[in-house]
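Shared between the two complexes below is chain A, which has chain B as its partner in the first and chain C in the second.
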Partner chain A sequence: MTDAASSPMLEIRHVTKRFGQLSAVKDVNLAINKGEIFALLGGSGCGKTTLLRMMAGFETPTEGAVLIDGQDVSNVPSYKRPVNMMFQSYALFPHLTVEQNVAFGLKQDKLPKAEIEAQVHKMLGLVHMNEFAKRKPNQLSGGQRQRVALARSLAKKPKVLLLDEPMGALDKKLRSQMQLEVVDIIESVGVTCVMVTHDQEEAMTMADRVSIMHDGEIMQIGSPSEIYEFPNSRHTAEFIGSINIFDAAVQHVSPQLSQFSCPDLACTLSVEGGTNAVEGAQLGVAVRPEKILMSRGQPQQANNWVKGEVLDIAYLGGHSVYHVELDSGKVVMATTTNMDRHEQRLTWKDEVYLYWSASSAVVLYQ
Partner chain B sequence: MSKLGVRSVIAVPYIWLLMFFLVPFLIVFKISFSEMQYAIPPYTDLVTWADEVLTINLNLGTYAYLINDDLYIRAYMSSVRIAFFATVCALLIGYPIAYAIARADTATRNALLMLVMLPSWTSFLIRIYAWVGILKNNGLINNGLIGIGIIDEPIAMLNTEFAVYLGIVYAYLPFMVLPIYTNLVKLDNSLLEASADLGCPPWKTFLTVTLPLSKAGIIAGCMLVFIPSVGEFVIPEMLGGAETLMIGKVLWQEFFNNRDWPVASAVAIVMLLLLLVPITFFHRYQARELES
Partner chain C sequence: MQTGKLSNWSKWFLSLGFFFLYAPIIILVIFSFNKSELVTVWAGFSFRWYGELFRDPQMLGAAWISLKIAVLAASAAVVLGTMASIVMVRMGAFKGKTAFTSMITAPLVMPEVITGLSLLLLFVAMGQTLGWPGQRGMLTIWIAHVTFCTAFVAVVVSSRLQELDESIEEAAQDLGAPPWKVFFLVTLPIIAPALMSGWLLAFTLSLDDLVIASFVSGPGATTLPMQVFSSVRMGISPQINALATIIIGLASIAVLVAWWIARREGIRAVKISES
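Now for the complex of A and B:
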């Protein structure tokens, strides 16, 4: 019917899910390509888990359809879907050994015993857990359990792999190590993967594309760098990383440069590129803290600078975050990399000039 | 806490068990080796001191008597059989009840648990007596069935083995439901979802995940029903009539009707040894579960 190469592996069409009066997911549309790692990112209660559970078949959509490989599976129970999930708690069967856990799904397909054994061995090899095959889940560490859970969810060669907060149960150090390892494994298998997380770092490290969810709706979809560098709304901008947003009015627009007036700044705010807003419109102009430079003397540029006083410093080792209070009372964050160990750094109460280039700022319409 | 502190805390239940369980047991054990006599107390002393001679009279005849008279063997067999099948019935009825309660939402769950426990607030004796009124020939069921014309003659239900089963299952059902419920309510729902996710339809998930994971509850429930059922006296006495042979009744007769304390004691000791088998099995299982 459709071209296999171009049709998405997983499609969400106008899906709405209501629990009583509450709408957990509101008219969501998504198309996830074959072999892609896709992250649903959002705070708690944003509907990301409900959406994932509808993909797995644990919930049925109130409206709309879920399509896997072109087939409508909206009313197909989870045990008949070509989808496997790695649960947040891993949900390993405590009464079964590691290899029995991995074999569990294969047994349901009534495969010959030798084939099951071979596949279990292959999967445990993939996650480097073959030597723990005879152990019970409670004899494993958190990281080992996750490996087994991953092996179990990959064993049936699902068309789509679902990960629910994959690193949620691990401590921070193990987390960053496992993030890359899990991505390597998923990519080596070549499975399409949808993950749910509230941790932006995790989403950006692991996923090819990220969608930001808020209040049951998808705010923005894009690659991690698109989402970070070109947020399309205040919510996305504030959710991913930290950002300074200036409330500004459109002054002059040309295709190369847009200019804004802002009550916090004495000079004009300029942003590279045109906008489709009319003059006088109230918008947000956002600048990430790492794109703001600081100096003691007044910068040599006409636009995009402001004077303030250092209010607070967060020293984080590799870099420091300065909170600078402007004359208007607004607090702006700026980060500097601590390159020199003996450098005379700015300190509390210092007067400081903040400046940035027109290409660093981004216009937020909503 | 200091070692002494720990010991003194543990000592309290130990002393309690020693005083009120082990000592009475030893007394019963001692009586089982004496001979009956018409006196107060109605049995001979094991150790006598007369004319500067210490005599120990250890009478093993009572135990030999128990083995030789097939009444006792039949009573033991029939008690174990009735307790076994009653336990199976209680499991088959109790498991779905426990499952339904564990799956219900929290508010209904507490109400349902209350309903399971509520009957125990009435005296056990009265509840069993109520069954007499329900089951007898001109009782609730027979009168009702005759009244609406389904039967002409009353069905004999009271004083049958059926009534004993009914009584035991009815009386001990909460002891089956509660441990299984406690077990099922802890069952992580994501395990059931994982099973479905891996391709198990609900009935298969029940067999491969729910049932094995509630094994500890099933065993505990079965023990709590089986063990007291073997020695049950009130239910076979009130509902079972003359034909139902159970060891609890035999024990009562030996003790009160025949006033043969040694035989009654021996009957009790043998019953205890009989029950040690499932109890040890249960403890072994628990120890193994704790290890893994």
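Now for the complex of A and C:
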């Protein structure tokens, strides 16, 4: 949650970026707090990279302002901004050794030689790369290159660290290991960090707050769990994880419980909490697959259940995803954990009842 | 295909190919040590023609002029060619980019006779209207060589520049280096091998050029190829064989040194990654 006492370290105010006719970023507002790890998450072409490049100073906003630590830097070139970036390709200087790479930024500040050496040693120690100091980048593995790139972007003690698809160039196994390691390093330094990624798992693992971008606009900002549990739109709900969305009409609203009628269900749909929609309005009611329970017999609840037939099963080891076809033809996904090895599991063509509690569902307004 | 072993057919064709390529050169080298005045009659081993070559002021003067022109033309072509490459590769889209790019590379496909003749006409017209260049000579040959060498350098350097990841330059800028410093600290060292090979290419092309130099040269500026060509017309002297052998020797040494440097770098890289 935002700390009211301190002003944000990085602020984006009504920023719009147009390339010719095309608007890559549309009137975006953001406030990123000191020491926070913030992720810009979205598909390709959603404007997240353009926004990051405006923070770094490689692009200038068409409208609006970028503020770092309260100072307007919109027209300050990248080489004068207290911001450093780790590039997707790492962009290490191939003709320089590891330590020369890390020292590059410090040399630009004309620091005394001893100070540079000490800082380079400290940074390489931070990423456990001191023994590789004399190597050239082409003599390093992908993970080692990333460590050097991180050390180089942290060496100047930037006010804001920008990460562009930080794990994009690594293979899957190394990725999950490096995600946690990079977060540890960033947190130990205490730098404010903005990262761009298209990988929701990466964003949720690494970031304190995530913003979902779509078509140049920010759809939702929140902690990973807020975004997952309380998506505010169909787009966010579908982008993060998988979800079942029922088209429903508002039937009755009270501050504790909202009731909907849905053509797919024989009973009433109920969702905990009130809504500000009027009766009869068409909305979406969403339920995550892992919050849907399955049974062979009819559940003991009046609302939120439906009968269907098992259409498809995806066995994933730890859990299985069941695709259940309702009488209306709609297919609903439900997940079960495979706790017992010899359990009599539901199988294809089985008749099954799906049910969930009113606190599991969310209302989507748009 | 089997590795390591060549079939008889392959060996046969390989030898034929090498023979075709190198037999003339070997014969030339052998005959440079010939005692006889006749180029094709062997009369015993001698360094006679090397001695004559080094006592021939015209030949030495021509070689000196050619070397000076080649070094100066290659250096100027590298500067201009690199600047042109940066405009073509890094400046993004601008009006007239296609025209600029094709005009830079046009001299590559232009017949030398046309390049030479058009430059001659230009120099004559300029001499008449502007009074400069008053006389054709080393300067005009140098200008002519720079124009066509620039095209070759631009092609070599721009292909290297295209391969260079632009984010490397952005990273340097991000770390606090203003654009001119980025160029000298990052771009230039990375593309240096391309500049070197561009320079060598321009140097050889300039040293080798006969046609264009013949058009734009004036009295007092005879390059080595011009000198060789005119003396051959008088009858082939074994002195030319001696000169050719020296040039082949120098070229071989240059190639060997380049190979040795490359190999040493390679070995060092392997050693470091093994340790």
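Operating definition for what follows: the second predicted complex is superposed on the first by the 361 of 366 C-alpha atoms of A that agree within 3 Å, B and C clash if a C-alpha of one lies under 4 Å from a C-alpha of the other, contacts with A are read in each partner's own complex, and residues count from 1 in each chain.
Methods note: contacts are C-beta pairs under 8 Å (C-beta built on N, C-alpha and C of every residue); 3 or more make two chains touch, one makes a residue touch a chain.
All figures in this text were calculated on a predicted structure; none of them were measured in a lab.
Steric overlap between chain B and chain C is present once the structures are superposed on chain A.
Of the two partner chains, chain B and chain C are each touched by A:Phe104. Residue contacts after overlaying the shared chain place A:Gln71 against neither chain B nor chain C.
In the superposed model, A:Arg152 lies in contact with both chain B and chain C. Contacts of A:Lys136 after superposition: both chain B and chain C are touched.
Once the two complexes are overlaid on the shared chain, A:Phe93 sits against chain B and chain C alike. Once both structures are placed on chain A, chain A residues 56-58, 77-80, 83-85, 87-89, 91-95, 104-105, 108-109, 136, 138-139, 152-153, 156 are touched by chain B and, in the other complex, by chain C.
Of all residues in chain C, those touching chain A in their complex are 165, 167-168, 170-178, 181, 185-186, 189-190, 269, 272-273.
Across the complex, chain C is touched by residues 56-58, 77-80, 83-85, 87-89, 91-95, 104-105, 108-109, 134-136, 138-139, 152-153, 156 of chain A.
Interface residues of chain B, counted against chain A in their complex, comprise 188, 190-191, 193-201, 204, 208-209, 212-213, 292. By the touch criterion stated above, chain A contacts chain B in their complex at residues 56-58, 77-80, 83-85, 87-89, 91-95, 104-105, 108-109, 136, 138-139, 152-153, 156.
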